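You will see chain A twice below: alongside chain B first, and alongside chain C after that.
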Partner chain A sequence: KSPETFLFFIMIPYTGEFLSMVGVVGLEVHAQIQSTSKLFSGSHVRFLAPPNSLVSHFDASLPGTLPVLNRRCVEAAVLTGLALNCTINRKSLFDRKHYFYADMPAGYQITQQRVPIAVNGMLVYSHFEGRRRNQVVTKSVKIKQIQLEQDSGKSLHDDEQSQTLIDLNRAGVGLMELVMEPEMCCGEEAAAAVRELQLILQALGTCQANMAEGQLRVDANVSVHRPGEPLGVRTEVKNINSVRHLAKAIDYEIQRQMEVLQSAGKVLNETRAFDSKSGNTIPMRDKEGLQDYRFMPEPNLPPLFVYESKASVPAGVDPAQVVVIDRLSAQLPELPSVKRTRLVETYGILQEHSFTLVNEDGLMDYFENVVQTTKAEPRKVIGWVIKELMGNLNSQNLKVSQSPISPCALAELINLAESGHISSSTAKQVFQEMWKAPEKTVGQIVKEQDLWMINDKEELQKICRRIVDSHPEEVNPNKVLNKLMGEVQRETKGRTDPVQVRAILEKMVS
Partner chain B sequence: MFCKCAARASRALRPTHPRCGVLTLPALSDIGSASGTSWSRWTYKRESSNSAWNSKVPQIPTWEPVAENQLPPPTRVSPDLVDKLERLALVDFGSKEGVDCLEKAIRFADQLHDINTDGVEPMDSVLEDRELYLRDDMITEGECAEDLLQLAKHTVEEYFVAPPVFIFNAGNIPLPKREERSSMLKHSEF
Partner chain C sequence: MESPTITASRSVSRRGEKRFHVEISKTGGGEVVAQGLPAWLSTLSAGPASARGPESASPQPPTRAAPNTAQTCRHLHSKVSQALRDGRVSATELCRKCIDQIQRTHYLNAFITITGETAMEQAQRADNRIRTGKPLGPLDGIPFSVKDNFCTENIKTTCASKMLKGYVPPFSATVVQKLLDQGAVLVGKTNLDEFAMGAGSTDGVFGPVRNPWSYTTLYREQSTEDPDSDWAISGGSSGGSAAAVAALSSFLALGSDTGGSTRNPGSLCGVVALKPTYGLLSRHGLIPLVNSMDVPGIMTRSVHDAATVLRILQGRDERDSTTVQAPSTPPSLPEHFDIRDICVGIPKEYHAPGLSTDTLAQWSRVAAMFEQAGARVQEVSLPHTQHSIVCYHVLCCCEVASNMARFDGLEYGHRSTIDSSTDAMYATTRHEGFNNVVRRRILSGNYFLLKSNYERYFVKAQQMRRLITEDLKNVFRSGIDVLLTPTTLSDAARYTDFIQEDNRTRSAQEDVFTQPVNMAGLPAVTVPTALSRRGLPISLQLIGQTLQDWKLLTVAHWMEQQVNFPMIHLHGDSDERKLDRSVRERTHTIGS
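After this line comes the complex of A and B, so read on.
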């Protein structure tokens, strides 16, 4: 569904006015910081571990414990802010957000509500439009702020015994909360934005951004209105576990709200959960009224200062102990958008192909490797990489690093095809054989199955003569040619060059 | 009651500081080792370098009571507000004495409205002139599940146990209505 399909036309009775409603989507993303230890304590950050084994006294909120901020987490937030063109606040503050929940033993979460670490950034993303999905459209969404906060523990609901089991391993892990402005209009835009964000975070190394493992959590704020009019009542959609679900949930919610308004109902300001089985959103909370979090400054943490450069670090403070923005800027790796541009400019490949190369882990390196080893043009190589290689990897659910065919082997194969030693259809066959038997070289396979291209003109003439003679009854010249060509290919098991064969047959038939 | 003069006096004396308007005391090491004589030496130094530092504690009592008409109107705490506060804080103060105490406390704090804070940066931490210490990213704690689980009344296979939380209901443990509460307390285990 493209953004256009969400211009929902409503005709107001008796006035004949046509009005179109659009969706308005704002995302709140929680990204788990990739660090060895937690935000305010020295316990290990790990996904799977025995329950409550990665919990310190502070994480368990025992009285008398104090938070000690992890420098790596601050650096991660600053790096992310820099990559998203944010202004880094030289001074930021920590606050307590109070609410009671069984997996948050302190009764409050330490966050940055008043002055977060980074503000006013922008995420640039692209998505494909057009019927063949090959027209790249670049959009951007403003990032309101990035703040550091604590993650909560995990609750396991045991309905049978009517109890909740609490594991605090995740309690206290550092999170970056990214708040985006409500500038998107539909599920597809949101999905594209989140995919780009995932790539950026992975390139920076600040977050592994795997939604299924909870390293990246996205909540969508959805409302509908007529352009020009004030924004409608918004609902918050939670419990989204993948980028695909995100798009589905948002589209469903926009549709639902439009239908509510169309039947003269009112949209409630509520929190809804996405149910992946039905593809619907279901109301999550009672109409309790707005939560009052009773924000207060965190008394145990003085303001956090980050410094512009080594020179601005005050005397008496060890520069290695503090966060210096210049030092981090210098560490910024090549971001995905820059990579894509470089690929298009260096190799002359299509933009949509550059997206595939950058999206798939390791594919860009594989491609560049092959290009360097082979004599063929990059545009030919890209076809092999995107169709043959990715086709096989996807069907067997393998990663690029698990490919049985190495870049060298593929380069060899492409060289053989380019030099005319094997035909292009044979090459595809050989590719599949190589996949099944990675220990054999290209040459071995071609030799074993006798797949060399038949280039001998005399032999070709003989074969064509035989085929033409055994099909005397055909009349229509075009149909005849194609049929005869098919026969030749079949007879020679594809070891002929279609161009040459067609020329020979044309002469014979005419 | 509350003292206005001290506030005025301290405002005049609060010197500028590059970051946050708080006076940085000279480091103790400048003054000398922690021996019996160092204290008097410190006091002596204090008086001699008086241009940089003055006590914020007035030498003679100077407070005057604040008149009722200078304060904003008294806040009344309605039963609904009591309910909401009890739910937010999980504190039981719904009795008449509890509400009276709260209203008196609010009245006491109302005196803050009388102070002129123009041009004064709010201070929310007495540590505002200290460098926030940043820890290295290393594993130094954890692996004490046994000790922690021992502290809980109910545990199940290394998990803490909490009352049931209904996913599609309020995220926090909801307090039942006022009327139901007393009967619940009688039957509750927790």
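After this line comes the complex of A and C, so read on.
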């Protein structure tokens, strides 16, 4: 190419405010594989074990030790690849990536740089838009690849004594690195994509995907540009430990870059850390950009083969000892998106509610359990589950599995309300009592507190008469009806059917 | 020139007789005792090989005749293990003799660690088993030594480097463990070039290994210099192991072979050295040089012994993913096999510049032996061989740079006292811990692996490696069973000559015949065939097809039986050498 052409390209005139800038977000996700032992050694994998208690000779990089691939980790990566619509490479390779770091004892990480185990996938995710945030928008992002690699250990810097302590428990734990293409535009999209990924991984059982415990680590590559123009210089944002922080960090970074460019500054290709206290991203002092990892094939591991089916396993190889895709496909559980569709179709609930049911671990099962044991409409049950149950759980920061009220007990309660034995307002009151005293049955609580519905017409008449009589000055119809009804409810502790009471009161005051 | 050395050797042999007299009486005495060789070994050594005698029809080697006190000593294992079972010798006796011999020949500097105490305990246990008629196998009670780059549980493993001085591994290498599990007795860890990088065993932190053959009468007779200044190198990098087997202080030794590190010293020290097919023996616990080429090597005094050891060590190891299932192997090498069924290839490219006339003559002699015995001998071509050494060096440096990255002073090994920062600690630790040779290879390797250089060096070398492998495959596909080549260009160099060139140059020269085999992962064995004019061993290499190690050894066994390589006769131990020197000085004075 002639230099003129080149010059022409860089001399494109500044287009001013013609098109506004947009953010471009790609993600690199490190998901710790849920397995009992590490990727290349027999050491156990456990969170919060005493420091350096889960370290094999290989993990400590003792000379003469060799990696031995854990089949379970390969299966986890294949399952994840299948769930994310990836092409599974029948043959993949391992490479060494070199850098000196105290918590990387061998001086290199074994990863899959050249030929990863899975490529060309797609993650479909949804998020909510609109004023009431109840409009479901479905999007997708390409998964470039999934590669198997080793986790590093952990360094603890003691600034006071100026020393670094190293814990190798995590060193060598299997990771799946998922690379998502820069196809998202804001923090919310990225957060929704990661949330969906978490659900998929948890459904597969391939990763616990808890960001706070580091089982899922997300780095965001963020840049800004004007649509139609080449991508801008990107920064990598690290140190993000929740989905909420991910959204915040990305949005902050997009804003920051736009401001830099608008004030005629330059965005640097750098690594930045998210500071959750200030909500800012700050440059990290590292030489990441200057590193040459000197990749090299890992000579101690033969190519990793996975087979289409049992029939394609070559003679002399025990099919039980290798990874067979067919066998894993058959094991694939119901994925979150399928679950949601099924919930909407089967129970006629709102789409947004299907998200809540699937998002909360165990909530869908809880809901379906209640639905099966009650005669009430699923649409009524969903209200109980989402408003009452989740409200209480959230306010006390409990998981569904920790709920003091079992699905059975809730079903019983709903049944009583449905059959008119207690009023719906009483039912809510009983729900709170059950929460406080889970050892008691619904019947016990209703009986002890005398909450059965007053269905006796004469008794109702009497109560209403008493209320009307005690408010002689307010016998102006219509205006006072609501107040009187409230009085009746108070008097009866809500044990009345509002429709009935209203009818009686209307007669009395007219 | 002649008379003074004769005087010297006489005085030594008188001392020698005195020394071994006790041992002779222990085992019944009366037999002819080779110098430095315990009496009972002579009795055990009368095997079928020596009965057959040399091939009379073969052309005479351009060498001096071996001293006639030698009885060709073959099948040591089977003979010794039979003697152990018959109660003619005990394992503790055997072990004690080997340890004595290590001490007697300490000037060879073959050992870094002598494990006398644990060895005697192991030998005691072997004796108990043998006494109760329950030996573990043919190696029960047999003393062996191991190159100091194989991990040995609770025994120091140094790689002859400051970096690992005092390092005690918590586990044993699979091959070591297999020998121990067979009841073999570990007598010590042998010297090498630092991290096995070298071809002379001259570049380790514990100093150079001396070739035992430079302490034989024949060598000393020709030398006018002090035995401490005129001696030949052992070859490397497994020089300690080769010297240990050659000097009779072990019946077998483990070496490692990356570019010839087992075959080169095996050849120069006149022992049988087998580099098995890549993947046939586990590398677990072998501190790596080049993972894709490293193979544990077996050094013995006979092909038969090498076969016995191979049978025990071979096979899949779940701790080394590159190991393969061993082909089924008969219990021992066939005594009778028809050499006429064999086609021997002579690669023309191995007529390399620098090939000594002695070595060339041996090569021709043995090729003629094959031909006369009815084998088909045929010239073949390996056109890419000439590029092998350069590519070998690129690949070697790359893996070295990578493998050495773990030595950062954090988890184990040497750690510098400089602690101003982690990076400073790394840098000084590595600078202090590694010698020049290692540091240079790391630097080169990192250079080759840089993103901008990777295609030009690493990828190119890998491509060439495939071509070299193809060359060899093609030759075997054409009907060749084994290739016959020299192992080294010449006999062992004098130490003072050898160190005139740097390690890089020497490795390139010395590995020229051996490293293509590592590139291709094939099995190869070197067998000593004769002594050179200087009284040093000359050996030839046989190269076999992948996983045809057994067939290779069968041919090697035949060759060994024909060549009638002499038994070593050490001139004496270090005390006697001092005496030797003073005698020579005196006689020199007389002579002049």
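FYI, the second predicted complex is superposed on the first by the 483 of 510 C-alpha atoms of A that agree within 3 Å, B and C clash if a C-alpha of one lies under 4 Å from a C-alpha of the other, contacts with A are read in each partner's own complex, and residues count from 1 in each chain.
Heads up, the rule we're going with is that a residue touches a chain if its C-beta (ideal position, glycine included) is under 8 Å from a C-beta of that chain, and two chains touch if they have at least 3 such contacts.
Given the structure is predicted, the values throughout are model-derived calculations rather than measurements.
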Clash or fit, chain B versus chain C on superposed chain A: clash
Partner chain in contact with A:Met211 - chain B first, chain C second, else both or neither: neither
Contacts of A:Leu357 with chain B and chain C, given as first, second, both or neither: neither
First, second, both or neither for A:Ser53, with chain B first and chain C second: first
Partner chain(s) touched by A:Phe100 [first = chain B, second = chain C, both, neither]: both
Chain B versus chain C, judged by how many residues of chain A each one touches: B
Partner chain in contact with A:Leu66 - chain B first, chain C second, else both or neither: second
Chain B versus chain C as contact partner of A:Ser35, first or second or both or neither: first
Which of chain B and chain C A:Ile166 touches, first, second, both or neither: both
Touched partner set for A:Tyr108, first chain B, second chain C, both or neither: second
First, second, both or neither for A:Ser43, with chain B first and chain C second: first
Colliding region between chain B and chain C, picked from 201-209, 417-425 or 525-533 after the shared-chain fit: 417-425
Chain A positions touched by chain B in one structure and by chain C in the second: 57, 60, 62, 68-69, 98, 100, 102, 164, 166, 292, 294, 299, 301-302
Touching residues on chain A, where the partner in the complex is chain B: 35-37, 41-44, 50-58, 60, 62, 68-74, 93, 98-102, 155-159, 162-168, 273, 282-286, 288, 292, 294, 297, 299, 301-305, 314, 317, 321-323
List of chain A residues in touch with chain C within their complex: 57, 60-69, 96, 98, 100, 102, 105-108, 164, 166, 292-296, 299-302
In the complex, chain C residues that touch chain A: 150-151, 159, 164, 169-171, 173, 283-288, 290-292, 318-322, 398-399, 401-402, 404-408, 410-412, 422-423, 426, 446, 449-451, 454, 458
Chain A contact footprint on chain B (complex, rising order): 20, 84, 88-90, 124-125, 127-128, 130-145, 148-149, 151, 154, 156-165, 167-174
